[in-house]
Amino acid sequence: METPMDKTMPLHEAIQLYVKNGSHISIGGFTLTRNPMAAVYEIIRQNIRDLHLYAHSNGAGLDELIGAGCISKLEIAYAGIGKAAPTCIRFARAVQNKEILCEDYSNYMMSLRFMAGAMGVPFLPTLSGFGSDILTRWGFSESLRESDPKIVNKKLVVIDNPFGNWAEAEKVLLVPAINPDVTLIHVQKADSMGTCRIQGLTFADIEQAKASRNVIVTCEELVEKENLRQNPDLNQIPFLHVSAVCHVPMGAYPTAVYGYYDYDSQYLKKVGRAAKTEEAFKTYQDTYIYGVKNHSEFLNLIGKDRLRAIAADPETGYSVNMKRD
Amino acid sequence: METPMDKTMPLHEAIQLYVKNGSHISIGGFTLTRNPMAAVYEIIRQNIRDLHLYAHSNGAGLDELIGAGCISKLEIAYAGIGKAAPTCIRFARAVQNKEILCEDYSNYMMSLRFMAGAMGVPFLPTLSGFGSDILTRWGFSESLRESDPKIVNKKLVVIDNPFGNWAEAEKVLLVPAINPDVTLIHVQKADSMGTCRIQGLTFADIEQAKASRNVIVTCEELVEKENLRQNPDLNQIPFLHVSAVCHVPMGAYPTAVYGYYDYDSQYLKKVGRAAKTEEAFKTYQDTYIYGVKNHSEFLNLIGKDRLRAIAADPETGYSVNMKRD
Amino acid sequence: MNKAPAYTPKEIMTIMAAREIKNNDIVFSGTGISMLAAMAAKKINAPDSVIFFETGAMDSLLEEIPFAVADPRIMYRAAANSSLADAFATMQNRITGDKVIAVLGAAQIDIYGNLNTTCIGDYESPRIRFPGSGGGCDVLSFVPRCIAFMQHERQKFVRKLDYLTSPGQLAGGDTRKKAGLRPGGVSIVVTNLGVMRFDKDTGRMYLDKFYPGITQDDILSNTEFKMDVSKASEADPPTETELKILREDCDPQRLILGP
Amino acid sequence: MNKAPAYTPKEIMTIMAAREIKNNDIVFSGTGISMLAAMAAKKINAPDSVIFFETGAMDSLLEEIPFAVADPRIMYRAAANSSLADAFATMQNRITGDKVIAVLGAAQIDIYGNLNTTCIGDYESPRIRFPGSGGGCDVLSFVPRCIAFMQHERQKFVRKLDYLTSPGQLAGGDTRKKAGLRPGGVSIVVTNLGVMRFDKDTGRMYLDKFYPGITQDDILSNTEFKMDVSKASEADPPTETELKILREDCDPQRLILGP
């Protein structure tokens, strides 16, 4: 199976090619920063259902997917979008109404689970979570686990430290690896082979990408290979992990991309208000997601003025003194 | 215990303060690149003995320390200095003559052991080494392990995968964490608080530093805090891991520092020739290590012409077309 | 009412928490008022303390208040930008983790300082679903000191949590150690009524300080479990200097402090 | 002697190995002749193959031959510079590891392709100590294909290794799988006399090709164990084009090829 050297393609093709009904997916970013929103909207537009989503704190993207009814199972550490929605609203409703099955972990556990997947080992150890209900309460039943080979047989396992009391630990908690079918991330720069450069915090994007069977990258800038190779120290994801590269400027809007644009707190608040009722949320998604053909049409709908207001200051990387209340 | 904001001090003070007879230490770099040679020479000059050294492939520094009789125990993956000495010569002699106790691991195992130490867990899992003598042959006996609380009770442990056949692994090999008393690394840039920037490959330096109770950093350039903070994405070791910062230009000579200077293959070859007999090696160390007060005197002895010959080309980061045979 | 304090509840809460932060502390900060407390400590009483986020930013230069721990404002001029995995490893690692103090909020707390940020009602079909652990469970497992911000209400200071998200002293005594946890958990609770601490032996919460104008009875009637108030005294109110720095230098737009 | 080949043993070895590398392979390269083979493949038959080092450099632009896998020459214009931990994870990870072919050398090999790079004699007091595993044990544990370079001598092609550093087929049959290893190990041995491969069922080494001017007997007399030579045929010698590229574009200074 030869890997093509040029992996660029339109986003709708990449989603169609790699994200299927029932796929296990993960998305990059954290709460209100660098969520792969263009990819999320495209999944919604293509009406892909029954997705199994692995998330640490993937706020804005997660709530859109849940609100659109794309998700049936969720493994998660945190669902919030910062000040705009301290708890993701469609997420909370869906869990309360038992519309999705949800299993809880911590942010470190989820990070380690992706890291285990990236490393190719079945689990990683941690000293987090002893005595908590995260350890004892499972969101997926034993029978569900047995019937689905894509779900691990146990949520978490505690073992005695086989090295005595080495590192002052008597017990160790093991978290199982995640290897998603597809991971969707949004980065600042990528080349056509798929090598990626993330600017600012990487969250768990690198681990999520490396753990995944396929990776769809959307990027602010599609650059020449030579451009990225002028400083290999800044490139975190080499091309061999990546399946598709889609050039989507402002592809994380309305979440922030460090050095490019800030989050749009007005828009996020509007979505938060709409999320409070099913009807309002449907109207919102009808207008802003289903009502447009692609991300560029969506951005037209938002309008140049809003986009200009959130443009990043080149020195600080965010929009200085932007109105945020 | 307040941590001082200014951690700069002369190298001989840092070594005196943190490296003691019997200390467990690790050194950064790999074969002929970025070994903390100035720090190694200073340990030799201060005649510190009975050291326990953890190494993956720390070539040039390792062989000087062993040749000077500073090391009594060694946990290692590889002892070679590239083309100059495919096997470290004083290392081989010391093992053959049973002058040091040596326990073998692989490069990944040693990297994972430092990573476990950095993460604060007692072990990490891998699928490497099943069926090998690395798993079955221990360099340290059970009785030595029992008598020394600083040595882990078991070399390696194999367990059944507690998550069934998850990640297609039936068994998993666990490697125990390392937390050295002191790690010595040489970096391109550091500030006085101890934040470090490594240019080019980091090998296992980051994990070694983060695993260690104390870290002595030597640096090519001691820069203002503001300088490093202009791009936090390039700084791999934040100050809170670091105990001492010593400004030692060319502190990795005769090994290479990417972007600053190349390895000195003539000098390494000369050391390799001297290493073939105990007498010649003693004469060599008498002249170049004991015969000088510090690294700057040592560099004077090497001479400006040699140093100029290995200066890095600013574009490629190494000395282009340098005579290397 | 001439004793009415010249500060809001959020202001006194922020100052009470800030005072607990020592110079050279590495302050793990959650969102909202936690960030403000960390910023205030740095500007008032602990100039060499360091603000640190689970998302991987160490010693951020906060020129504006971030709205989340992933806000681009925390990435500017940090000592290092890394990842979740790196940030939590720094806390799990005893050598560095022992230098960290955490500041965070919760939906429910019990007498042992265990926290719930997951749900009200049954886990499988909750009446109210909250965001979940985030890094809370990790931090309370790893670091020796933690300040928890709470609204002081009976349904939040409860006898039994609906879900134990983040471990405090579990069931008190040596149960935390026996479960496999290192010493740690919530050590200080700061509410709109007072400041609570924990007995070293029993692991139980007791009232340490009540704010000017608040009585022990106010606190007891807003706490579902039986809390020891016998050692309590009145808190020193925020000073003019503290309030001035908080209002003018930390949150001039009152984004967190509110009106 | 007009059949005397117009190439040196090192040259034919390099070319034989290079031919095994396919386009788009990720080539894990050890030092010395391994690097040269990887460079030659890229310039001759597999232009889109990628050179990759255990030290963390992916797709290095090799304008000069590196002298070690940590040589600064491998850091220049790579796709990414990372760490040992990252590089080995890429190979342990099945999704990416299955794309990798390793090229390395050893001091001893047995009939099952197990390698010794640790010592001759007893492990506790060896007669000769070698550098040790390095990444050898890891790579042979992880990746599906591996080319091993050897000097063909009786004391190097041995019945029993003094120390099993890196796992091949262990004791053959399903012993590799049973030990916990994924499929992999040495798949091709390239020596100064010929090219060996391994029987899929028994896991035993057999002679595939002998070089022009070399007989099966030459090979058998330089091999301590009993090797099947019944399937062997003469290797196609290096072409003029292959030799020209190797000599002029890969190692013009003959740093690795030697005189």
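Things to note:
For reference, chains read A, B, C and D in written order, and residue numbers begin at 1 within each chain.
To be clear about the criterion, a residue touches a chain if its C-beta (ideal position, glycine included) is under 8 Å from a C-beta of that chain, and two chains touch if they have at least 3 such contacts.
Everything numeric here is computed off the predicted structure, so don't read it as measured data.
Centroids built from CA atoms put chain C at 28 Å from chain A. Annotation: 38 Å between the Cα-based centres of chain A and chain B.
Distance from the chain C centre to the chain D centre is 57 Å, each centre being the mean of its Cα atoms. Under the contact definition stated at the top, the residues of chain A that touch 2 or more other chains are 117, 120-121, 126-127, 169, 172, 179, 200, 233. In chain C, the positions touching at least two other chains are 57, 75, 81-82, 92, 94, 142.
If the chains shown are joined wherever they touch, the resulting network has some other arrangement, not a path, ring, star or complete graph. Here the touching chains pair up as A-B, A-C, A-D, B-C, B-D. Every residue of chain C that touches chain B in the complex is listed here, in rising order: 23-24, 26, 48, 50, 57-59, 61, 75, 77-82, 89-90, 92-97, 99, 142. By the touch criterion stated above, chain C contacts chain A in their complex at residues 31-32, 54-57, 63-64, 67-76, 81-85, 88, 92, 94, 118-119, 123-138, 141-142, 163-167, 170, 175-176, 179-182, 253, 255. On the side of chain B, the complex with chain C involves touching residues 2-3, 5, 117-121, 179, 193, 195, 210-213, 228-230, 232-233, 235-241. Per the touch definition, chain A reaches chain B in the complex via residues 116-117, 120-127, 152-154, 157, 159, 161-164, 166-167, 169, 172, 174, 176-177, 179, 199-200, 233-234. By the touch criterion given at the top, residues 29-34, 56-57, 59, 76-84, 86-88, 91-92, 95-96, 98, 104-109, 111-112, 115, 126-134, 137, 139, 158, 168-173, 200-204, 206-207, 256, 258, 262-263, 265, 312, 316-318, 320-321, 324-325 of chain B touch chain D in their complex.
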